[in-house]
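Here the chain labels run A, B, C and D in written order, and each chain numbers its own residues starting at 1.
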Amino acid sequence: MREITFAEATLEAMKEEMEKDDTIFIMGEDLARQGGIFGQFKGLPEMFGTERIIDSPISETAIVGAVIGAALAGMRPIADMHFADFMGITMDEIFNQMAKIRYMFGGQTIVPMVIRAPDGLIRSGAAQHSQSIEAWFNGIPGIKVVAPSNPADAKGLLKAAIQSDDPVIFFENKDLYRQSGEVPEDENLIVPIGKAKVVKEGNDVTIVSYSIMMKKALEASEILEKEGYSVEVVDLITLSPFDEETVIESVKKTHRLLIAHEAVKRGGLGGEIAAVIAEKAIDYLDAPIIRVGAKFTPVPFSPTLENAYRPKTIDIVNGIKSMF
Amino acid sequence: MREITFAEATLEAMKEEMEKDDTIFIMGEDLARQGGIFGQFKGLPEMFGTERIIDSPISETAIVGAVIGAALAGMRPIADMHFADFMGITMDEIFNQMAKIRYMFGGQTIVPMVIRAPDGLIRSGAAQHSQSIEAWFNGIPGIKVVAPSNPADAKGLLKAAIQSDDPVIFFENKDLYRQSGEVPEDENLIVPIGKAKVVKEGNDVTIVSYSIMMKKALEASEILEKEGYSVEVVDLITLSPFDEETVIESVKKTHRLLIAHEAVKRGGLGGEIAAVIAEKAIDYLDAPIIRVGAKFTPVPFSPTLENAYRPKTIDIVNGIKSMF
Amino acid sequence: MNKELYSQFYKTMFKIRTFEKRIEEFSMKGEVPGFVHLYIGEEAIATGVCANLTKNDYIQSTHRGHGHTIAKGAKVDKMMAELFGKRTGYCKGKGGSMHIADFSVGMLGANGIVGGGFTLATGAALAEKIKGTNNVSVVFFGDGASNRGTFHEALNMASVWKLPVVFVCENNEWASTTPYLTTTSVKDISDRAVGYGIPGVIVDGNDVEKVYEESAKAIERARKGEGPSIVEMKTYRIKGHFVGDPEMYRTKDEVKERFELTDPIRRFKEKVLLEGVLSENEINKMEEEIIKEIDDAVKFAMESPFPSEEELFEDLYVD
Amino acid sequence: MNKELYSQFYKTMFKIRTFEKRIEEFSMKGEVPGFVHLYIGEEAIATGVCANLTKNDYIQSTHRGHGHTIAKGAKVDKMMAELFGKRTGYCKGKGGSMHIADFSVGMLGANGIVGGGFTLATGAALAEKIKGTNNVSVVFFGDGASNRGTFHEALNMASVWKLPVVFVCENNEWASTTPYLTTTSVKDISDRAVGYGIPGVIVDGNDVEKVYEESAKAIERARKGEGPSIVEMKTYRIKGHFVGDPEMYRTKDEVKERFELTDPIRRFKEKVLLEGVLSENEINKMEEEIIKEIDDAVKFAMESPFPSEEELFEDLYVD
């Protein structure tokens, strides 16, 4: 199968959807002349014009607010956040408007929109350009949150997000953009929102992960397999509301669970997953539930500190070994 | 001992601290002429003048931003959020500035400030005036988060927050303001940040709770005691970073854990607590860890729906019974 | 003078006033739950502005939204039921006073977040521009709301892209307990239009004819693709900020004096009677009909059932 | 003409330029990690403004903050070390280019959040007002940043309370890849001053004398308790938005032409030589000294150790 990058996969998704549906438009900073800060919108301005690929002022509040308003007026817009770190600026629009409009108005409208949010560490991006904040949205009813870990899922999931009548936040790790992978040449490729995927089967322990950490989860599983552990790896894909069933099924089989994400361990999504298992499947557990995540500090600038901050493959390996 | 209300207790705390330290000032909406929307600043404008009790424009971003800037310039300000629900507006200032300034500038400065945030359900306050969002801040290093459950703690904790050189978010449940309780007449009353309190000892099960839910936790414990269960109740007091030791000690004794908060169960702080126990004390557990929280919807307006949404004493009782 | 238009003005204003008085009564009694902000004394604004709009145009409202909702053409029975928290209300009891909406007439919602509507209205206008219609979007906002950052971001965006959105300021001199001049850097909020290179006008917001005429110009400009405007309606908040407000921050006399001078309904009635556009009889008939309509709405609301607990989970997600 | 002042202008501008050129070189080589935004071509602004400030005054800077930091009096060795990620840097390697700060000279920090500084600077000014000093606070911001809501909230607040804060706009015509007129509702950002009832002036930002004089007026006004101003410095971003920017959005010729016309250092040098304020010799000596200072700083930075992994947890909480 052909290989394309993660960024290209998202480009294809947008292009295919925009060709079919002219209510889709994209708004964000530096789209028109640069194709987005990571090139993930390249070519679209030429293809669809700057009426549909809109360069906005540095007004994150207005970007998300306007996209919500446009969705209420019948469009299916996409907003680009530039860096997920800037979502704090527009948190009111996200949680008090976008997430609640359908519900608090008694179902009078849909709010079909996607927020694309590039997140995660990037070489020395430092405190305000490196964060993973997906856990914030987990307790906010009315939003769906997804985070693909590879090009094929990126394409199928972005298409699903665009087609969804519910508002979707699409976290995409900045380090994934250039990674290549097989993506079927299928205009109808859809990765359903709400479903996790068992990407590797195993019997002794389950690793639940997502986004960029999937790479380390798989690396760790290979290391561990060589040492005789049979590791199952689940890619969460949809972070909120997450697919409890798939995780529970896996834990019932393996009896051990490690959750890994790049976000700070404390307060991360791992807490929710661990809690669900500790409530619904504790009797199946043969070991503590271990969470691997970044250290509890802002992201430091210096490479040595950034490296100390970052969660690593070895943390997963050691975490799992400690369970036996 | 004399009894005063929760609101009065916070008033005393501010008054006592402001008399000692003239770098303390308070900024928020509707302070000067109304003494705050819940009367929790009443009398202060008369006592300290409107140079220190400052009525701000409806500019939440600027309220928090200015308070941060003032802290950098040597003051110890307090910001009032009116409703915790409005913190989304100022989330960037909270998480990208306030929480990170000390760390990312290598410890060059302190950021001594308090954000007072009235949260929780209030009769039919509906979707945008009833929320409990404390879990957002749990994954943000550099902030301390506290939430007293009674007048004495409110006073001691607010004094500790004002005296702290770290930024503190002080969540205060709106329904608690009018509740009375004993408060010692002690100018040096301090409730230390970072320590949980075992408010009722027991052997069969631990309830961890905080803020308004403490009342229901204690109600539930009484009901359960009558039926023969010995219940330990822990008031978390500091939500982030929370006192793991006290919770772990209690669970090691009782072997059962239920966590109760008014915030939505999914994505709530309960997840973090459950995860810590599932990682560090799972071997002591004789039952699933149960979380009690609000339903996964925005807060509905109608009394019948609000009632369905709200977590109840009976949920705690039933949760605990299901463990045996 | 256009008799039909003037009758409409009177009916709408009187309907809002009557609605609000009943709501005040039920809110005091605790039968209407939650926070309630009344529009009494400001009826001319919503009435005059919305008289220029069709159902295909949008409005974004505020926490003080009953007047806008009625003026945009919503039904008072479904409104009343919503405010009572009943399942027959516009939002099935999920919204209440601060979250009333009627999407079928282009009323995109009241908002409990002050200043929350600026960017949403701008986005709705952007949608219409992309679609190529000549529909417009109007956002109502208070003097207090004009100090939110959203005001600035929305106005800049709307101006650069010449979006069909009109910013209608209801300057009632108060933001809750705070006199606007103590927190607002300009006496006339319309002065801020200079920073966006757009027109900003001042209107007597208690004169429904003036409101109608001046907002017509701004709306027309927007329809023609010439971009946004600020229309500042000078008015005064007659009632407490919310029902139950002890109003310690101003004297009863101040309020009484201002109301006597400015009451838009009384002024309009005197004028049309004097000029013979409408007769005493005609006005009485209108009033009776409206009182009956509101009475029926109250009855409908009171007799309607509360939502059942199972309805809690409805309308959250589509999929 | 004041020889000492003019020498200071030249030294500061030349120091910034030299610093930035070395940083550009090391950033290209990957020895300076992270995002780096250069101040080349805008040196006159920080230099002229900060010449009016003492160490007790504050500045809030931007992502493009090296020039402000140097002009406010920070040491280039500790700056260089920070940019290299070394433990001897101002922030012990935790900050880097976008988070450089020197609190000992009142430089309260660069900011990775565009428009993040407006409200902080306003708060610092409020603190000085409450304390009763006559210190002022200056916030630098770009044309792009002027469209953030924080701009509006801070200006309104500063104006109502007459706070000693000066808003210095560095209008370099570009926000990243975006020409400012495509996203900004006014040609002159200083026009927005009208909406806050404060002075707004336009200055040739590449003329250090003009920058000095005009900012002096605004700073003086602030010191006297008369409130804030907007001072708009017209300049041009000569370099790519960040080191490594492919600059697909404009032509090399455009940039070259603008630089030749506007380079503030070349212009100033020609002028002081022509008018005989400084001699060729004096200037050469200054340049040599500065080049040596920067060389030493580079050496210091390169020889300094990286922070150790244990330092990760330092400086998070006080208690």
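The rule is simple: a contact is a pair of C-beta atoms (placed from the backbone, for glycine too) under 8 Å apart; a residue touches a chain by one contact, two chains touch by 3 or more.
These figures come from a predicted structure and were not determined experimentally.
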item: Intersection of the contact lists for chain A and chain C; value: B, D
item: Between chain A and chain B, centroid-to-centroid distance (C-alpha), Å; value: 30
item: Whole-Å gap separating chain B and chain C, where each centre is the average of the chain's CA atoms; value: 36
item: Rounded Å distance between chain C and chain D, as computed from the means of their C-alpha atoms; value: 45
item: Residues of chain B engaged with two or more neighbouring chains; value: 56-57, 59, 61-62, 85-86, 89, 92-93, 96, 103-104, 126-128, 141-142, 296-298, 300-301
item: Residue numbers of chain D (touch at least two other chains); value: 91, 93-95, 99, 111-113, 147-150, 153, 156-157, 160, 182-184, 316
item: Pairwise touch network: line, ring, star, complete, or other; value: complete
item: Chain A - residues contacting chain D, complex; value: 29-30, 32-34, 37, 55-62, 85-86, 89, 123-129, 295-298, 300-305, 307-309
item: Interface residues, chain D side, partner chain A - complex; value: 33-35, 85-87, 91, 93-96, 98-99, 111-115, 144-145, 147-149, 175-178, 182-184, 248-249, 306-309, 311-313, 316
item: Contact set on chain A toward chain B in their complex; value: 85-89, 91-96, 99-100, 103-104, 126-128, 133, 135-142, 240-241, 263-264, 266-268, 270-272, 274-275, 277-280, 282-283, 285, 287-291, 296-298, 300-301
item: Of all residues in chain C, those that touch chain A in their complex; value: 58, 60, 89-95, 99, 101-104, 108-109, 111-113, 116, 118-128, 130-131, 137, 149-150, 153-154, 156-157, 160, 314-319
item: Chain C residues within the chain D interface of the complex; value: 147-153, 155-157, 159-160, 182-186, 191-198
